[in-house]
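Letters A, B, C and D mark the chains as written, and numbering starts fresh at 1 in each.
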Amino acid sequence: MTAKKFAGIIPPLCTPFNDDFTVDTESLRRHIEFQLDAGVHGVFVLGSSSEVAFLPDAQRRETIETAVDQVAGRVPVLAGCIDMTTLRVAEHVKTAEEAGADAIVVTAPYYTRTHVAEIDRHFRLLHEKTALPIFAYDIPVAVHTKLDRELVLSLAADGVIAGLKDSSGDEAGFRFVLKERRERGLDALAVFTGSELLVDSALALGADGAVPGLGNVDPVGYVLIHDHVRSGNPHAARREQDRLLSLFTITDVAPPSRMGRGSAALGAFKAAMKMRGFIDNAVMAPPQLPLNGDELLRIKQKLAEAGLL
Amino acid sequence: MTAKKFAGIIPPLCTPFNDDFTVDTESLRRHIEFQLDAGVHGVFVLGSSSEVAFLPDAQRRETIETAVDQVAGRVPVLAGCIDMTTLRVAEHVKTAEEAGADAIVVTAPYYTRTHVAEIDRHFRLLHEKTALPIFAYDIPVAVHTKLDRELVLSLAADGVIAGLKDSSGDEAGFRFVLKERRERGLDALAVFTGSELLVDSALALGADGAVPGLGNVDPVGYVLIHDHVRSGNPHAARREQDRLLSLFTITDVAPPSRMGRGSAALGAFKAAMKMRGFIDNAVMAPPQLPLNGDELLRIKQKLAEAGLL
Amino acid sequence: MTAKKFAGIIPPLCTPFNDDFTVDTESLRRHIEFQLDAGVHGVFVLGSSSEVAFLPDAQRRETIETAVDQVAGRVPVLAGCIDMTTLRVAEHVKTAEEAGADAIVVTAPYYTRTHVAEIDRHFRLLHEKTALPIFAYDIPVAVHTKLDRELVLSLAADGVIAGLKDSSGDEAGFRFVLKERRERGLDALAVFTGSELLVDSALALGADGAVPGLGNVDPVGYVLIHDHVRSGNPHAARREQDRLLSLFTITDVAPPSRMGRGSAALGAFKAAMKMRGFIDNAVMAPPQLPLNGDELLRIKQKLAEAGLL
Amino acid sequence: MTAKKFAGIIPPLCTPFNDDFTVDTESLRRHIEFQLDAGVHGVFVLGSSSEVAFLPDAQRRETIETAVDQVAGRVPVLAGCIDMTTLRVAEHVKTAEEAGADAIVVTAPYYTRTHVAEIDRHFRLLHEKTALPIFAYDIPVAVHTKLDRELVLSLAADGVIAGLKDSSGDEAGFRFVLKERRERGLDALAVFTGSELLVDSALALGADGAVPGLGNVDPVGYVLIHDHVRSGNPHAARREQDRLLSLFTITDVAPPSRMGRGSAALGAFKAAMKMRGFIDNAVMAPPQLPLNGDELLRIKQKLAEAGLL
């Protein structure tokens, strides 16, 4: 299992900003070092947790370049190429290639009302344009389309995709993919859960790894889960996962009546990262709203309860 | 009413492509002339019907520049600035300014899980960055959020938005906005329906105009509806609208089992535009699928039935 | 048009309760008299506004019997037969027959994940079981399925359904049905809008009538709209409709953070009916929550502004 | 764990019909014996898999009575009391009491647009009316509302509900409930997964049991999973669960273009039950459509592959 290039804990790095929403590259570099020190097995930049939907193209490019430079080959760097349709995604792919990413991560088309045959064509056209391994990113909460499991398996069988990052919340479908991968001999397909709440079960079921947003705050916890599962200690893994379930409630301190669930979660991650000294500035890109003082205090308390402060 | 800068029929122009998906500017210019000959009161480029979600930034810029140059001030040119969040939209706004658009059209944030307070902030921040009039584009089928009617009215009251293009399908909400506009004295707000199927009723209820995708195929029909309503002839307007309801079934000839509803509609528009000689090439941007021969034949028949061939 | 049995304003009567949730038949009779005095052209019992989803079968039966007895043939009585699937609906149909209803109103199946072919079969099986005219009730907000327009037209062509009550909010689809009814010669199909906010436009487009929930509070207003449209006075109709749009905001005084949108609307209707003396008791069936004092006060103010107190 | 009254595999029994849609009580009794022989730890009648949404009240009563009589106390009998709102559910609760059920199963209100405060009130009012243990049934695919996890925990803390049957597909939420149950000392709450595809993981995480629809076809498989997990053999449990994932594809042999997903799944269960000799007649209640010959053949092949024929 460990021989696989893409395996283990690969956090989707939050993107630290300066006050003018340029990338705070110094914080990004420091954050990456905290992650590598914790033992993560890769990093994923420009995913949903990176505020990729908020970043202009220049900041996207700088983010990949900084990450690739800082990581310096110690682990793989995955780069999200998140845009609405094929030609626009293709431009991000070119950037990722030029910046030296090891793999790219691509969603189904969005904004447009799409179809499984068009999603299939989307991935195949992108594969024709790049030699980089492609991860299919299944994230219906953002793109409002669920990737069909047979589509995923057929793209894998044809070598179009090298991996799946499943943030769909459909655990039965995830399990079906793992089973079919085994039965159809699609070992080359790397399968990752995008949930921060089910990492131990996903790994126990045969997933190659996890891309946990909460790993920005507590990478050590996720590496521990990984190591416990791999060394055959499911109970320790579960205890650790349960601790992280409690920690995850930082994403709910800002109520739905006040701001979007995206801002509430990313704001909590960034606030906690700042409290832990990983980054200097917890500002989020507009139009997201900032957490208030009470909310920050509750996050601090939860970090303390989790032994992280 | 006619003293308003933005009023009447403003079709959302389809973007004709060459085979390599560069913009076929010659066809675009010809198409614009057909539209102006038909008497349209403005043109809207880079909306959903323009395949804006499929166009790289270079093609977006070329589209606005071509339209502005060809229109040459005869009618206003509105330009869609369609992207996920504020900073990315702001870059498209800059392009629209440089290319000489008369107004910009902006949706709620998408991909991210947003909130009414964040949508409010989104429009206000963009208004701070540009002197161009902003149309709020209410299109939940694409962005998966409905613009709150009180938000629209308060943005209008504060001079943040100059117009509303309502493609939400919520006719009761649309009517509520029209009534409140009158009662609150928000006459500066231009209100357009984005439906091609309810233009006569929208105008009769006090809307300033319509942005009908089907106007790409039959602009004369929509100008007729407009003129009939304005001259107090609702029955003639309704007959014309009913004829266009029948014509609109070209968007259903490709079945949902075969392709997305976006491709089916845009493919039908472009095929009909080519059959009518407006453009040279009906190709759609990837990953959309093309209509097949049978489907094209049925479109031809429907055009003939509508007296358009 | 007036020769049609089912035409005009047919309010969906709220069901007044005693404190023990038995039907307050005296209030129901009085409410019906207020409605008939106002000139309504029919009454609809056991629709969504009647809290049909909250009524046990005994109360459902008593409601129809009371209405039929009180109306005494002066106008038609339509009865909702609202349940999940065919066999259960069939039992309500039998009750409606025994109680003397003039027509029944039936939705698509719900709770189960259904299909257009099954909805088709549902209506056909029910038609085989009863000689009563069947109205198809298109209410996706409750049953989470939209009735397909071609299905509606084919059921009408085959004499399976006698009417359509469209509460779907899809005005373009509604208009398509009206156009096709005319073109296919399906004059026997009675088409009603279920919206209280678009009655004038629906009638102007050729709809036979409306089933406005707000008619419980202000039946005179809806009869006026009807009469203005029928006598060729669209502007007067629109003024009246606009007044009722303002009145409809009583359904929003209880905020979404406090209770469901059903309770907020039905609670407002019942409170207003009580304030106007139509019924004695505004209690709603459990588990709905009651409006509070502030909310009731705001309803009172809005009634006063509308000239109804 | 085994001391709990409600624990283990409790299949939601399909309801066999005669051709006139009366309950085929003889088949039901035989089916129950097959289930008990397989070692199930309880039976659940009148759930979604029982076609409860299709059964008139008389058939519902007969189903509980038959099950209670046949089971004769050997295992607990849970009865669904599935209806739209409190007063209607209360009538089913009375039936369940009279028929001798050991517990009842209740969903959130549906058809109406509800609210968490109203769902709370719904369960509390029902608890006041009955001494039977109440299971909250979280099934958004049917009722279009997800039970809030804090609501579930507070209803458990107050002794209102005795159990949770989670068919929501939200595995992270399910896990959160299990963790909080432990941390808040809510041991009395019996937690069951309603998924047939994740039984091993659910049990491993601490769930008390499972209510697998596919258990109608292969109860032995689910009892094996249960026994393997309880005896500390997760790999054997997983192998068995994977075999059942393959078997579950019988629910997809009828395509979405032809019938609803409900009919496809229930039709497959009943066809397989008939092929295995558990019941005499695979007919489904209207308006569901029957499987065709090809589809039945494919189910037969899948049963054979699974070693069940």
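The working rule: a residue touches a chain if its C-beta (ideal position, glycine included) is under 8 Å from a C-beta of that chain, and two chains touch if they have at least 3 such contacts.
These are the chains along with the protein names UniProt gives them: A, B, C, D = Dihydrodipicolinate synthase family protein.
The structure displayed is predicted, hence computed values, not measured ones.
Peer 1: Suppose you list every residue number at the subunit C-subunit D interface; are over half of them used by both chains (same) or under half (different)?
Peer 2: same
Peer 1: Return the distance between the CA-based centres of subunit A and subunit D, expressed in whole Å.
Peer 2: 35
Peer 1: For subunit A and subunit C, let me know how many angstrom lie between their CA-based centres, rounded off.
Peer 2: 49
Peer 1: Where in subunit A do residues touch two or more other chains at once?
Peer 2: As it turns out, subunit A has no residue touching two or more other chains.
Peer 1: Which label fits the chain touch graph of this model best, line, ring, star, complete or other?
Peer 2: Looks like a ring, each chain touching just two neighbours.
Peer 1: What chain pairs are in touch here?
Peer 2: Applying the touch criterion to every chain pair yields A-B, A-D, B-C, C-D.
Peer 1: Over in the complex, which subunit C residues touch subunit B? Could you list them?
Peer 2: 169-172, 175-176, 179, 195, 197-198, 201, 204-205, 234, 238, 242, 245-246
Peer 1: In their shared complex, at which residues does subunit B touch subunit A?
Peer 2: Those in contact with subunit A are residues 21, 48, 53-57, 59, 82, 84-88, 90-91, 109-115, 117-122, 125, 141-144, 256, 258-263, 285-289.
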